[in-house]
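Before any comments, here is the structure.
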Amino acid sequence: MKNLKTLRAIINLMILMVIVVPFLVLVVWSFSQGWPTNALFPKEWGLRGWSYLFSPESKMLSSIATSTLISLTVTVLAILLSIPAGKALGVYEFKGKKVVEIIVLAPLIIPTITVGMGIQIVFIRYGLTDTLLGVILVHLPIVLPYGIRIFASSYKAMGIKWEEQAQVLKAKPWQRFWYATLPFLYPGIISAGVLMFNVSFSQYFLTYLIGGGKILTLPILLFPFVNSGDRVIASGLGLVIVAVSVAFMVIVEKIISSPEQETNFYYL
Amino acid sequence: MPKIILKEMTKAYEGNPAIARVSLEIEDGELLALVGHSGCGKTTLLRLISGLTAADQGHIWIDGVEVTGQKAEERDVVMVFQENLLFPHLTVAENIAFGLKMQKVPRKKRTEKTKEMLELMQLPNLGKRYPAELSGGQQQRVALARALALEPKVLLLDEPLSNLDPKLRDELRELILRLHRELQMTTVLVTHDRDEAMMMADRIAVLYYGKLLQVDQPVNIYRYPAAREVASLFGQCNFIPGLLKDGEFQTEDYRFTVPALKRGGRVEACIRSEHIKIARPQEDRPTGVILEKKYLGGQGILKIGVGNLIFVARGNNYFDLDIGNQVSLDIDWSQVSFTKGDHFPGDQTSCG
Amino acid sequence: MLSKFVSRDTLKGYLYLAPALAVILFFFLGGFLIAFVQSLGYFPVIGMEEFTLKYYKEVFQNPEFLESLQYTLHISFISTAIATVFGTALAYFFLKTTPHNPLFHFIHKVPIAVPHLVAALMIVFILSQGGIISRLFVKVGWITETADFPAIFYTQNAIGIILIYIWKEVPFVTLMVYTVMKNIHTKLGEAAATLKASQLQVFCHVILPLSMPSIVSASAIIFAFSFGAFEIPFLLGATYPKTLPVWAYLNFISVDLSARPLAMVINMLVSLVCTVLIFIYYLSMRKYLRKWS
């Protein structure tokens, strides 16, 4: 019994290390100021990296704004699109449903490189490249499958009985949705929202291909730092990206209070 | 004028008829029970009245106004579902006021009405609780209160008691009856429990595979079933084919004198098990051997083989008899009903 | 004969699906279709209007193709296999330790909040020549300078890339498998225990087989993802060979526009592998579900 407990503690410690140490490394780098090649610890500490990042020169703040704007718009649009689609797949039986289910999964299966390289020419023709709108449009199909799957399973579990109950209590269609259905969708909205926001937020390739380097999101900004460049700045930027993601999650869960927040949807 | 008139209502799901040409008139202030085996179309019929389901064919009038094309939210009808479906995110008071809120009734009036309903349902002080904090019986009361708060012309109840345990069921049954008497509301109750129907209903409508077999007062349904299916739905029946002729009912082996009857010809006698008395073997009566003996409540149930027929008899004083005993049957012919000899031509289609 | 009920349902179904489906069909499958058509040599913008299979032939005959395929498979296979084993083991570990294990809720958020690029950054800062580990080795005296540390980035062994994927994917597998294991455990765990099964027997004969569909599905998803991924092999892969997606991209941005069909051919092959893989997973899952439900 005691051995088992020790083993447990050791495994826990190892997991914690594997998760936390990388963050610590980033934190240490971001506050370092001169770190000789072969030294284990920085020679000097300072805020050089951070003060650069928060200056307009680094474009970090504007990238946070751009990234948030894009991902937030994508998330809201995708939720609005995937709630009805989820209802169709969760509640109704119709011809061609199997085909639709496969189409809806396609963006999870077919790599974004294929689609991005294919669609770029169309976006160029309609002047959508280098624009926010273009980036938002190309992110949408990537995040939709998550939302549709989540809302389909919410609707499947809930059925239309609540809607009918509201209907016999004289609720008009929009009232049925607003007062009877929506509360049941809150947990789904949280998990779909967080998932879709983060998928869009961490998207590099499509943003780069359609945004053409003109639309500066955080991943675009970080990309060159991964294998070259100033590690101090790179570390700070990496931490900021994670911080924004976490902040979004916390805010969403605060805004939409729901009795059961534990959900079973994850993404890669 | 009847409160609800259904004319030739028909509804099929994926080609399978659930309700077939049902015509029915429900009187003002009446409590009508819709009875039938599971899948016979009871709930579908209720949904057609509520407007949740649109009929394929037929018409429906409520209070003299045709509502065939109206949606559920436009009809002055409220339905209480089998699962009480209280909104879990709303308090009891908010649940009760839900329908009024949907109709944009001012808040003050809603609050008053809610309070009134809580008192009517004997649920004072529970308004601030959430449904999950109530017992099953309380939840069902709140569901009723929520429906009644709208003061509908017609109340539809879909097996409202079936999820409750027996004691609560009795309580709630009395409550529904009391409310029905006090509010004089036209009520349609779906149930598969014949005792519940017998106890509660002013009239009973019997559905069989989507068709209406009989609509009548409970006592008539019991005593004069229109079809074999109705008879067997309301108690155990011995069906004996024979010929009605000259004041006699003739089977292959026996002739019985029966009370004067309007019709004759080939019929089927429906002899309820409780109307057969057991007597010592007698020459002029059907005589046979006891094959099986069971107990139900305070009664004994006997299976008796007579020739090639098997009778089931039920009574209080059959405990002393044993399997193998020779007995004669004493049938109370004044209680026996006759139905047409051929079976009711019900389609053997399944429904809902 | 369709009754009114069905047709109304069908109509509603299509209506509700239309907007989302339009977006996916137009912006996603549309892109796929264009890529497909271009892979057949149809590219009217530069005056190529004939359908041909010659670009497929060209890719297949190029010796780089096999090496590139091998390199890509190497990364995907190893990272998927290790992530699946670790993820499943961790899921079981959490199953045994959770309600009291606060780590679980932590691990729940990490994979979502850390994009691949940030994960790559962190692993590079730890494991590259000049990373923390190499500095530690110098300090301890195992190597004299950080450049002596074995190279794992920009190499054919691709260990660095694989480690990045594993770091990111283990939590994903853990969570997917854990959810299913928890359900099984609450449903069958006690039943199995009353049958006097040991912990190991319960794991081998009940929990593992029943959670197999989720394990298979998680690994299919991470395989398909890593097989089609671009950023990390592009940044940290070997100069030769490239992974298929990187190779496709290099052809795509080539000044010579006629190299574009080659890019699309490679894209088609990557998509094909991913699709076939998911399909196999789907089939095995169906068989499995029949057997177990």
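Going by the order they are written in, the chains are A, B and C; count residues from 1 in each one.
To be clear about the criterion, contacts are C-beta pairs under 8 Å (C-beta built on N, C-alpha and C of every residue); 3 or more make two chains touch, one makes a residue touch a chain.
These numbers come from a predicted model, not from an experiment.
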*Which two chains meet at the most C-beta pairs?*
A-C
_Innermost chain, where centres are averages of C-alpha coordinates_ = A
_Longest centre-to-centre distance from subunit C, chain (CA-based)_ = B
_Euclidean distance of C-alpha centroids - subunit A vs subunit B, Å_ = 56
_Counting only Cα atoms for the centres, state how far subunit B is from subunit C in Å._
59
_Computed distance of Cα centres, subunit C from subunit A, in Å_ = 17
*Send over the residues of subunit C in touch with two or more other chains.*
6
*asked:* Applying the document's contact rule, which stretches of subunit B touch subunit A when the two form their complex?
replied: 50, 52, 71-73, 77-79, 81, 83, 85, 87, 89, 98-99, 101-103, 146-147, 150, 156
*Within the complex, which stretch of subunit A touches subunit B?*
161-162, 164-172, 175, 179-180, 183
*Which positions of subunit A touch subunit C when the two form their complex?*
8, 11-12, 15-16, 18-19, 21-23, 25-26, 29, 37-40, 81-82, 84-85, 87-89, 92-95, 97, 100, 103-122, 137-138, 140-142, 144-145, 148, 194-195, 198, 201-202, 204-205, 219, 222-223, 225-227, 231, 234-235, 238, 241-242, 245-246, 249, 264, 266-268
*Hey, which residues of subunit C end up touching subunit A in the complex?*
6, 9-10, 12-17, 19-21, 23-25, 27-36, 38, 45, 90, 93, 97, 101, 103, 106-107, 109-126, 130, 132, 135-136, 138-139, 145-146, 153, 167-169, 172, 175-176, 179, 221-222, 224-225, 227-231, 235-236, 245, 248-249, 252, 263-264, 267-268, 270-271, 274-275, 278
